[in-house]
Amino acid sequence: MKRNYKWALLIAVLGLTSYFWVNSYKSAYAMHIMEGFLPIGWAVFWWALTLPFIIFGLKSIQKNVSEHPELKTMLGVSGAFAFVLSALKIPSVTGSCSHPTGVGLGAVLFGPTAMSVIGTIVLLFQSLLLAHGGLTTLGANAFSMAVVGPFIAYGIYKLGRKMKLSFAVSVFLAAMLGDLGTYIVTSVQLSLAFPAEVGGFFASFIKFAGIFGITQIPLAISEGLLTVIVMNLLIKY
Amino acid sequence: MLKIDQYAYINDLKHIHPAEKVAFAFVFLLFTIITKNNSIGCLTFIIMSISVVFAAKIPLSQYIKLLLLPSLFLLTSMMTIVISVTPISSMVNPLWQIEIGSWFIYTSLANLKQALDLGTTVMASISCLYFLILTTSINQILWVLKQLKLPILFIELVGMTYRFIFVLLDKMHEIFLAQSSRLGYQNYKDWITSVAQLIVSLFIKSSQSAKELQTAIESRGGEEGLYDIEIGMAINRSRCAGILVVVVGLLTISILTR
Amino acid sequence: MKSPLVTLEDVSYQYGDGTIALNDIKLSIEQGKKIALIGNNGAGKSTLFLLLNGIIKPSKGFITYKGKKITYNRKEIKQLRQRVGIVFQNPDSQLFSSSVYEDIMFGPKNLGLPLDLVKQKVQEVMRLTETESLKDKPPHFLSIGQKKRVSIAGVMAMEPELMILDEPTAGLDPYYSRKIMELLGTLHSQDRTMILSTHNVDLAYEWADEVIVLHDGEILSQGAPYNVFQQINVLQKSHLEKPWVMEVYEKLLETTGVTSTTYPSKKAEFFEMMKKLLSDKTPSN
Amino acid sequence: MKSPLVTLEDVSYQYGDGTIALNDIKLSIEQGKKIALIGNNGAGKSTLFLLLNGIIKPSKGFITYKGKKITYNRKEIKQLRQRVGIVFQNPDSQLFSSSVYEDIMFGPKNLGLPLDLVKQKVQEVMRLTETESLKDKPPHFLSIGQKKRVSIAGVMAMEPELMILDEPTAGLDPYYSRKIMELLGTLHSQDRTMILSTHNVDLAYEWADEVIVLHDGEILSQGAPYNVFQQINVLQKSHLEKPWVMEVYEKLLETTGVTSTTYPSKKAEFFEMMKKLLSDKTPSN
């Protein structure tokens, strides 16, 4: 276990190094599809796909709130917490910045249904207060970041625990694969909107996934690692 | 603390009714996205930029900084669209190409046009978004969301999130200073443990804040109507007429330049 | 004798984890008084406030309001929360709306009054607390002194009969502290009882009609400031100091050998008394 | 004359949004002093502290440490942060680790010392600050007085030459305030300079060798406490009051018609002087 941890740390340091080296300027937000980027048809399509999750999430929160009124303030503050984490700009040694997205953390803590609502609100504020992402593209961004990411993270976490993986490994995989899932869905969304002339969707997907992978894969690893450390600290409390 | 939020409260259009601002921004935004017409795109960008800089009096340098913000994503995506790879056997009509083994790396005219159209649409669209967020405070946006009859629970969560963003940002800054002054964040290993400690510490404080907020709300006798917003202003008829004229104008342009 | 506004009859409160926050408290609060509640961190002040406002119920004993025992049905709780207002110590968790105006409006609106009346009340407290110019600002634009004033306005707007302030001057510099205390002076009236918790014995001595010392969930003393602060054993037990006006005055009496049972209640009064005392003693000068 | 520990040479600091927090500050801090920094909310105290610790750089002017101009290379910044320790006002944000022990260890560990030495230092400061019994507790379970002690221990463990405390007694009741001030008494030495910011003029007057009054980003006055607090225009401009010991003493001189230029520096000393003064005036008694 001790050895594994050292290895994980080594890999993480390597990952972080390459991530900072490749990408010295804003990258976590690179996965926010900006305003006007998606053709109107696709924008509507992704909204339509996301809305049921939000409505379902709101319904389940409403049900719980009537039993525990304090849940509402807890979720409201959690939204702010997730936003602040995503805006966390801490200059690291190279002078670049990192932005932990906290999708995995949120999903493991609050469950994926509540996260789809909170995540959408966080994305709304990211476009309103930070100009990251957009309003017409909010549906698409919410689908990848507030729906798919948390569901994957939560599913992997539960699966990992069932398969008797250690807590740390489950959390790491959950957070990392949640991030990767988000990145793949975004690539899918982009390539559906902009299929290649030759090879169509698939060729385009390879291009988008390839080019964003350079920044997103190291980021997913570092986020996975960070989430493990955070969860370990949280358990101590 | 957050620049955009500050401008939203102090800009020169802060007293214009939010419904008008939202309508103005969305009319242009929707026309831009739906028509994907370059002349509409350029017109939108010019009108929005003028409104932001001259009407709302947002400093030009700030506006340019904001415009550059999504450039990384935009340029990466445009490059991805422009450059294609295909087996040499395929039939393409490239503008430019190189051969590597049995593959073509090439750029076609259609790809180039698609990328440029995309660039125009995106710049026009984000100028609409910037007009909206730089002139309309969250308070006014909450009012709009309420008029759109979104679920109360959703609006309440949005409102609380907004308020506590600033409380927690303050706390995060305090923790960050305390850590730095005791030599946190000095190298990679310190960096990641320091960030983790900061997140956990902030999480504990968040849950405390939530409890305090709950007590404060209850002590003032209510759980309902947390964010009933009063907009102390009326809709201006001539400006509404102006927006109608814009709609007709944009419609005409999109038909003429089809 | 006036009938008391609120009484606590052998009230105890125990938290879920077993901590006993208040232990068999007997307390009676008279209408129109200015009461300073003094007690260490963890003495049970917050618990007492939440009990008075009906947020929590006593584990043992009961509370009466204007002679009527509180039974905690919905209507009574609502009424109680209107009549007893709490200004919490941390204004950051007290203010939750997206503008000052809406925050002040929250309380009166919950009372179910007609909107016109609500607006009129809000206008009035904004004038009283000098927060009109802040009306459209979100709370995070305010300085800490302004936040305090807005928190007070939000509670005032509900027109409580009993107003509780949890360390209203905490975190404020002397200038803002004085401003807040002046504001509390204007807000107090025969119909409005005030309870203020503080660590500052000098402030308590100058401001209050009555001082209550709470220690480890029990009331050690209740009475006029100069009476309470004369009880050496109470001060020692609750780790308090004597207000300096009293201490210096007592020293002065001791040094000059004069005996007196009246105490100066304000700094200015003390200087007057000192002058008189010394000129009596040294008529030649 | 001793050479100063730190000097600020015409230092200004302007925040990103254009606010000028400090304006052309000239300041020299001598080794081994106990300095009280007094200033209202927003006077620029926090900015000054962050400058001394190297977290921010002056927009204009420069800072010297032991006569050497600080150039802000990595090594120097690290050295500066070790030599100048800040205990921030809000212990809730100062304590971020999951246990008291780890929190105290955070600073020395970051210095890159061998683990044995780190542990030894932590042990020592825990003894000094009486926090041994709290060792394994998570910080948010502590009382506010305990939190303060742990924050001080965390900074002490880095063995700073200059120790800055931002309102160390804020939010504490009189008992804990006294405890903290006693602790600061034991921690101070000829090799350890201390700066303490406070709103409490009485505390500043009794504790400090030197008082600095900061107002609106400028230094209004610097000097021995009784000198600074005699400057009526400084007090008025910065909305401060005179320490009561001084005020009462002056009134006493005025009433008795005695003139004197020496001031009592402590409460006990004042009472002595009062006794002497009055017995001189009224020898008959």
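We call the chains A, B, C and D, going by the order they appear; numbering starts again at 1 in every chain.
By definition in this document, a contact is a pair of C-beta atoms (placed from the backbone, for glycine too) under 8 Å apart; a residue touches a chain by one contact, two chains touch by 3 or more.
Because the structure is a prediction, the values reported are computed rather than measured.
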If you tally contacting C-beta pairs, which pair wins, B-C or A-B?
-> A-B
How far is the middle of subunit A from the middle of subunit D, if each middle is the mean of its Cα atoms, in Å?
-> 44
Mean-CA-position distance for subunit D and subunit C (Å) = 31
Determine the centre-to-centre distance between subunit A and subunit B, using the mean Cα coordinates as centres, and give it in whole Å.
-> 18
Listing for subunit B: what residues touch at least two other chains?
-> 138, 159-160, 162-163, 167, 186, 197-198, 200, 204, 209, 213, 217
Which residue numbers or ranges of subunit A touch two or more of the other chains?
-> 233, 237
Examine which chains touch each other and state the graph shape they make (line, ring, star, complete, other).
-> other
Every chain pair meeting the contact rule = A-B, A-D, B-C, B-D, C-D
What residues of subunit A sit close enough to touch subunit D in their complex?
-> 233, 236-237
In their complex, what parts of subunit C are in touch with subunit D?
-> 39-42, 143-145, 170-176, 199, 201, 239-241, 244, 248, 251-252, 255-257, 267, 271, 274-275, 278-279, 281-282, 285
Any idea which subunit D residues touch subunit B in the complex?
-> 17, 50, 53, 55, 78, 81-82, 85-86, 88, 90, 92-98, 106-107, 110-111, 140, 154-155, 158
How about subunit B: which of its residues touch subunit D in the complex?
-> 6, 171, 174-175, 177-184, 186, 190, 197-198, 200-201, 204-205, 208
For subunit D, which residues are in contact with subunit A within the complex?
-> 98-99, 138, 140
